[in-house]
């Protein structure tokens, strides 16, 4: 069960990750990857995004409306505990 | 925490002023250490070598890009390792390398220049490697 | 007239906007065109990304005071970025591809980021 | 096993490949997976990008000598990048998405560039 | 050339080790000057400020990222201008700024730190501005 | 008549430029933008690419087969003379 951290703002990254994702993998949007929340919400179930980064981009309300789960830095650290393979895109 | 203590290596690859990677990594490191886990090393690669430049003059009220790391090191003794080959190429020198090339060192003394063997060690001994 | 074109998202230190502000302060009356993810510079909801850093929305809101009175936004990009016209600074103007071509043609210089 | 994943095109100073070579030299037997534009690292025709710089194809061709015997190439990306199997180093192996998922799952660590 | 002589400003924005922008810009500058046109200034912005770091130790037979510029300047007196605000933030200092902040200068002496007024001047006086 | 210099390796850049291009504009691929020659050749007439950069990427023969014109640094300098607006993507 891998954790896929998407930091890139390139939409092509979402497609790349979509092809490689397995049942049980988790996708987390952070930094400029937050801008891809609309496309990512269509592609991934149980999508998470870094709350502080969504907030500073003014996207928290919009993302929450698409059921993107906003998580704290502490929860991020817990995610890195739970997933052995951590891939950053 | 009843769980087993995990050991982390963080690898940074981006310069500090344009993207947020350096800040994200500092915040993650704080959470990892507060949770009782360990950070074997923070490894600065490619343009992340510039994070340690000692001569930064941040704007009023702002912090130099190395400050969060220096604070974490003084509290938790986290090794701050900078790839020596990448640093020399870019002009980021510690005292030893500066002496070797008859230049002046310009990296914050909390950072040390090391070889890529440290990443091999990370692959072997760390439970998690996170690239940011 | 110098046209600054920004098509990448706001950076940590807002150096691209600083350049626009400087040109405006030196009375060059620059025009600013935001495309794609660059449109987020004009979002009213953008906030500072580091402690005590500058807020993009505040920095951009200073542009009209320096005689950079209109910020042009590629209309097509707005929806793609999940933004509504009411999310943007009041002095923004939506433009289509034809209008963008005119802006480029009328400029003496273009500087892209 | 550490899996190095490169999805961006070859850089001027080839630092990503230096990391793979170093892991191989320290007997970590890293596996290298090239995706998208990262596939160009395996092209036999890549040459140095600055005077007296290193040639990507020469640096990559050294991998098998250090026990990094197979370089995995995302088959889907090959055509997208306009490359043919015969453009690649002989020790490359084309893999599909299912095989890539297995490579990730079997790795202890993943490092992406 | 019978054509009118043109005046150029080049703006660089990328760090030197990952992308080729710095080399492309140096090659373009050579062609512009050989053709008899003029370069009003080369302006180093954002991570391109690192190009001037004086302490680079390039690999055997290779050149530091500033070398092509230093050569062009000594032949054609091209002003090499580095954005002062961007440089201070990153820790790239000339003698004057180093003195002001009681640090050691670390930029090659052929480069000078300047304000953004130079870009305003470029907008006014240069016939071409090229961002690389 | 603008000169559009494409240095970015992102395919999305080609689409962006396609939308803004006018009759008489010139498109030049250089650095990692060279990797986009196939898509660019479909979108732009009279496409040019920097010969040295195509060569160092091993793409010269393939690009020439698609009628991409390979130019020298000297010709690049001449292009910057001929076009007042120069946009870099």
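A, B, C, D, E and F are the chain letters, set down in written order, and residue numbers restart from 1 in every chain.
Rule of thumb we're sticking to: a residue touches a chain if its C-beta (ideal position, glycine included) is under 8 Å from a C-beta of that chain, and two chains touch if they have at least 3 such contacts.
Since the model is a prediction, treat every value here as computed from it, not as a measurement.
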Chain F and chain E - chains in contact with each: C, D
Chain E against chain B, contact positions shared by both copies (same if over half, else different): same
Chain of greatest Cα-centre distance to chain B: F
Furthest chain, CA centroid comparison against chain D: C
Inter-chain centre distance, chain B versus chain E - centres from mean C-alpha coordinates, in Å: 29
Whole-Å gap separating chain B and chain D, where each centre is the average of the chain's CA atoms: 26
Chain centre separation in whole Å, for chain E relative to chain A (CA means): 39
Junction residues of chain E - those touching two or more other chains: 16-20, 46, 86, 89, 128-129, 131
Residues within chain A bordering two or more other chains: 12, 32, 53, 84, 86, 88
Residue numbers of chain D (touch at least two other chains): 11, 13, 15, 49, 108-110, 112
Chain pairs in mutual contact under the definition given at the outset: A-B, A-C, A-D, A-F, B-C, B-D, B-E, C-E, C-F, D-E, D-F, E-F
Of chain A, residues touching chain D in the complex: 2, 12, 16, 19-20, 22, 84-89
Contacting residues of chain F [partner chain E, same complex]: 5, 7, 30-32, 50, 53, 73-74, 76-78, 80-81, 84, 86, 88
Contact set on chain C toward chain A in their complex: 8-9, 37, 40, 43-49, 57, 81-82, 87
Chain F partner contacts - residues on chain C that touch it in the complex: 5, 7, 35-36, 76, 97, 100-101, 104-105, 107-110, 112
Contact footprint of chain B on chain E as seen in their complex: 15-18, 46-47, 50, 53-59, 64, 86, 88-93, 97-98, 101, 103-104, 106
